[in-house]
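Notes follow the structure.
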Amino acid sequence: MNHLSKQYKQVRKFTEDICAPLEKEDYVVQPIAEVSPPKWHLGHTAWFFETFVLKPYLPGYREFDPQYNFVFNSYYETVGARVVRTDRGNLSRPSVDDVYSYRNHVDQGMARLLEEDQLDPAVAELIVLGLNHEQQHQELLYADIKYILGHNPLLPAYQAELEPEPLLNAKSGLLSIKGGVYEVGFEGEGFCFDNELGRHKVYLDNFKISGELVTNAEYLQFVEGGGYQDFRFWHAEGWDWVKAKGVSAPLYWHFVDGGWTHYTLAGLKELRAKEPVCHVSFYEASAFAAWKGMRLPCESEWEVAAARFEWGHRWEWTNSAYLPYPGFRRAAGAVGEYNGKFMVNQMVLRGASVATPEGHSRQTYRNFFHAPHQWQFTGFRLAE
Amino acid sequence: MNHLSKQYKQVRKFTEDICAPLEKEDYVVQPIAEVSPPKWHLGHTAWFFETFVLKPYLPGYREFDPQYNFVFNSYYETVGARVVRTDRGNLSRPSVDDVYSYRNHVDQGMARLLEEDQLDPAVAELIVLGLNHEQQHQELLYADIKYILGHNPLLPAYQAELEPEPLLNAKSGLLSIKGGVYEVGFEGEGFCFDNELGRHKVYLDNFKISGELVTNAEYLQFVEGGGYQDFRFWHAEGWDWVKAKGVSAPLYWHFVDGGWTHYTLAGLKELRAKEPVCHVSFYEASAFAAWKGMRLPCESEWEVAAARFEWGHRWEWTNSAYLPYPGFRRAAGAVGEYNGKFMVNQMVLRGASVATPEGHSRQTYRNFFHAPHQWQFTGFRLAE
Amino acid sequence: MNHLSKQYKQVRKFTEDICAPLEKEDYVVQPIAEVSPPKWHLGHTAWFFETFVLKPYLPGYREFDPQYNFVFNSYYETVGARVVRTDRGNLSRPSVDDVYSYRNHVDQGMARLLEEDQLDPAVAELIVLGLNHEQQHQELLYADIKYILGHNPLLPAYQAELEPEPLLNAKSGLLSIKGGVYEVGFEGEGFCFDNELGRHKVYLDNFKISGELVTNAEYLQFVEGGGYQDFRFWHAEGWDWVKAKGVSAPLYWHFVDGGWTHYTLAGLKELRAKEPVCHVSFYEASAFAAWKGMRLPCESEWEVAAARFEWGHRWEWTNSAYLPYPGFRRAAGAVGEYNGKFMVNQMVLRGASVATPEGHSRQTYRNFFHAPHQWQFTGFRLAE
Amino acid sequence: MNHLSKQYKQVRKFTEDICAPLEKEDYVVQPIAEVSPPKWHLGHTAWFFETFVLKPYLPGYREFDPQYNFVFNSYYETVGARVVRTDRGNLSRPSVDDVYSYRNHVDQGMARLLEEDQLDPAVAELIVLGLNHEQQHQELLYADIKYILGHNPLLPAYQAELEPEPLLNAKSGLLSIKGGVYEVGFEGEGFCFDNELGRHKVYLDNFKISGELVTNAEYLQFVEGGGYQDFRFWHAEGWDWVKAKGVSAPLYWHFVDGGWTHYTLAGLKELRAKEPVCHVSFYEASAFAAWKGMRLPCESEWEVAAARFEWGHRWEWTNSAYLPYPGFRRAAGAVGEYNGKFMVNQMVLRGASVATPEGHSRQTYRNFFHAPHQWQFTGFRLAE
């Protein structure tokens, strides 16, 4: 079995492993627009291979069901009509069993294609893109499952025996980085997304960046010190968000019987002081930084400094808006819709999180979310 | 086994029979606020017996799960906090299996209570209320299941082998009823809802009422004759509704390949001319009547005439607003919330429909829905 | 000068008298959809005469400005496109001066028409309808002006020297009316609206009705006795309204420095115990009645009893939905849109209020508003 | 009269000159949340001087009306409660005359303060900030007046004799700028806003930038070439905006009798091919660039190149998000709310427009609006 074929199987299996602890009912619901039903993720990642790989490149491939394009297309305008995002939770069919059959059907097609001696490199590239795409959905699956179960009044655990989150070692302090012209962006072998491409120069002033993420203990001081009641630390729209939603702590924090707990994938647990804070919005990260008299790093500062600190526990908010690198060009065809069309009104996150599949991220990786989003495993570090 | 015990078992079993053809995923979704997930109906009807019968009247009864009150309370403010109606579709738990266990637990408690030699008549009365309540939810189950499957892009059938809808026999024409003082409202033995009580006199002018429901063929003339494009036939808010929702035919009608079809519980079928029209709102019924130069009957006209025609195929819209009868009084306690609190801004429907459990309705029965609702099995007859 | 001509001048002048104390800026704003800018009322009532009388019946009449149809048409679908109701407050033009010129232009046309020796009776009837229509807008002008000024943070008075509201004489108690067949609806000479027509029989049971309106003192007991915190007195949608809007007292009531005041057209005043309560919604009237263990009268009870009590201080909520009388028929043409199209989801009010022009109302008059509306001069009396 | 005093009088007078052609009614309305009523601008700019200059620094100053703080505070959370932005158009009072009296009262206080021999430099700085603030509102006044009159169905002109917009001279072509480290940001004497501060280095790659703005003729090709019907040119949220709002041309463009016209402050005029296109959103500018196979410049490219082209006709959209410069710090106190709190989810515009007061802008000036906004005098130039 060749390397790509092995990788394909591993990635595809891991998606199903993530879903294994779920009840069938958990696959179906969509409590907010951002959260997709797990069965939609399962179907959509299969649809990606069917649409972009099997239908154009596997001779004799029989489409599983022509209506699935409508059900499992996420946002690709090029490939036709689709269920609008907010309606995904209204669909009881295709059933979970049908979706697994669909995945199986696609996997069989892919196996035939991957057996070929001379796989066209362009096709291989599309498959690698599909696997990275599926890994992104694995990350989303964790976040979405946590939201679905963590907003159920019964607060069921996803897996009771899950390992605890990482503890931080608050020793490292601020790292000083000297100003000057640096290069950022992806270069070299291996896969990267189009939004990382275009290795290019940036000028950075001298700056300092924390060697550690902000912890629950530090964030709790902000919460208990009135940070959510003082508009001076907040962006105007962040302050509107706090008031409109009644936000007073990170998502999943609950003050129960005189103590702080948080909902985790293992159920409701006591908050641990030395864990990195998680499930904060950009507004919250930014307000905390203002309260500290510091700021969030911009994405090129983060990238330049990243070799000198440990990362991978939380997606880290930066103060950079998600914009194209110099020389960015959309790829031709539907795949060109992958990243570029989202380059307005979102903020860049760097690093990776406990929900990121091993090997999926890298120092140049650019993730992006809207400023109010809290449902991802987001944290932050400070700069000045 | 006494009569009530037998009746209890029959009614409860029938609810589960209705759900038997469903996939687990179908139990969970809530595409619009009016439609509840089938598993919610199953749980709520069990909760009714647990809350109003078992907890107060069965010594030693052990509540199945104290959190279920929050999940399955529909609108009873007296019995505490509850999931708001629009959020029911976000709940993947309790699972379908858990809900059936809940029903089983309640049924065991009820069996113990029903075995008692001397069942307190007040308790027996509550049980009868609970069974009639459950029958109302059986009717809702049919309508909600139809909505869930009929709005899925795959248009799956609920039961492929369902019998066709009734055909009308368009022979009877208009019945003439002489004016004068009549009595309406429930009187006599047997169960009725509080909103039917207070047998009382009304004065009616001479009127004529159709012996038959309006058919698909008749309604199609209105559709194809431009009825949905001419504001003159519509109430002002009905016209706003037509324009805002883009309504141009009854719910579930689809013009496919040059012919009219409609989604039924047996799947997509050709429209049959002689079936009574179904799934029309009050606005539509009223506009059709205006187009015909006729009107809808008021509820007392309907009740006075009902002995002279066949009814039971469609819930029939009347032109009466849902208001209390003279002498109406709310019962004490939570059960008093049953009907009276809804007596504003809804219209009365009379009769019964193909989704009504046998023996549930009667000539004095008053059902009520909001004017724009189409998802029930609603039709109408004309008067003048 | 003939009678109709004199009446025309009086009614038209009175509309302008109502507006005389306003600043130009007050003519323009529309704080909520129900409230129209005073200049819109001025223009719309002129438009009514121009559209339905002058253009069809005055030879050689020159339309003031063809675009005014778009600006001042309220809801008549028959006579073309129009500014949607919620956008009226966005229109700074036509200016107030232009609108007065428009009125003047229409008045000159009407003077020519009214001079004619042989005015066609059908035209005379339309003119009388136009005058009654204008009187309805006079009433609305008072309510809308009060809303505009009473929601301005500076709480300016409309006329500082306005006379106080009527005081009630709480002596009369409950009047007993014997059951039987009664006749209701308009009959005889003089003007009435189409919704009053069709004198017809109704059967009423024995009932009692209060000889007086509910007073501020009585209503204050409900407010201070927790009436707004106890769901048991409220319709379900009334309770939702209380919670969503945070309602805790009638509109314009303010608790200031330890005492109850209310905004009046003469400015902020102390609440007087013996005044009839005003600016309550149907929900509030109905909840108060439930708290008292009584009910609101239905409209035919009110009409039958009205000869025996004083009325005219408040529009009085009844528990009757606004529905057509037996035999109601819409008039042909645009004028037929006057009343019938609103006969769904509104409640009937009977009587008249301090804002009603003298001679405008009568015992058979049927006004109607939506259940949550408070901005009219609405009160109520009780029945049982 | 000293220089500052003279400048104060000029700026203040110019605000009132802008309003001189208005009818009183035009001062009051607020058709959309972004547009403020002209009388609000007049009052708010006076309030700024009263609140930040006169009350703290003029001994014996008597506040005009303590309630005006509530009415005319725009967004300064530090200085208390305020009318929410969307409600400004509901306020008929204070009247226009009152607002001019308020301005007069403030001007008298300012005259006394400005007469002082030794004006504290910190106070002088605040006054200069206040004047620049007032100039920003002058620009807004033009845009808001245009919106108010240009959305009135009568399409009245603001000033019929206004000079035509500038014509472009399409000769200059693309300017080539060599890559390297450049310095951007304000430096030197004179006023600037806090968001321009922190002269700092940036690294730019080689780039080309157009010497001219995009013209109506060029933009028309995009409109007529189907640019608004092809999702490939648009950001995902831009495409949603086009569909939700039904946008098919820049704001104020109307296709009338077979030809393109646009509403201008002088009324409806034929579109002139060589004028720079105006009233386009960031989405539109960006889609046009994509259609051309080019892009928008980023703000540092624009600043570096600006010495080499003419600017000042349109505010120019850049592809830079509005973010703090390195070293940005909010000023202490309420004035610190001026800019920093808006640094999320807005795009930077550079240059100035026909509505910009002379001398107000400069090469380092950073304006910012939300991506969908069209009501400012916005255009753009291309880069590659």
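Things to note:
Should a chain be cited, it is by its letter among A, B, C and D, assigned in written order, with residues numbered from 1 in that chain.
Heads up, the rule we're going with is that contacts are C-beta pairs under 8 Å (C-beta built on N, C-alpha and C of every residue); 3 or more make two chains touch, one makes a residue touch a chain.
Fair warning: this is a prediction, and the values are worked out from it, not measured in the lab.
Contact with both chain A and chain C is made by B, D.
Counting every residue number used by either copy at the chain A-chain B contact, over half are found in both chains.
Centroid analysis (C-alpha atoms only) places C farthest from chain A.
Per-chain CA centroids place chain B at a distance of 37 Å from chain C. Chain C and chain D have CA centres that are 45 Å apart. Annotation for chain D: no residues touch 2 or more other chains. Of all the residues in chain C, the ones that touch chain B in their complex are 75, 77-78, 181, 200-203, 205, 207, 231-232, 234-239, 282-283, 286, 295, 298, 319-321, 323-324, 326-327, 341-345, 347, 371. The touching residues of chain B, counted against chain A in their complex, run 23-31, 39, 67, 70-71, 83, 87, 89-96, 148-149, 151-154, 156.
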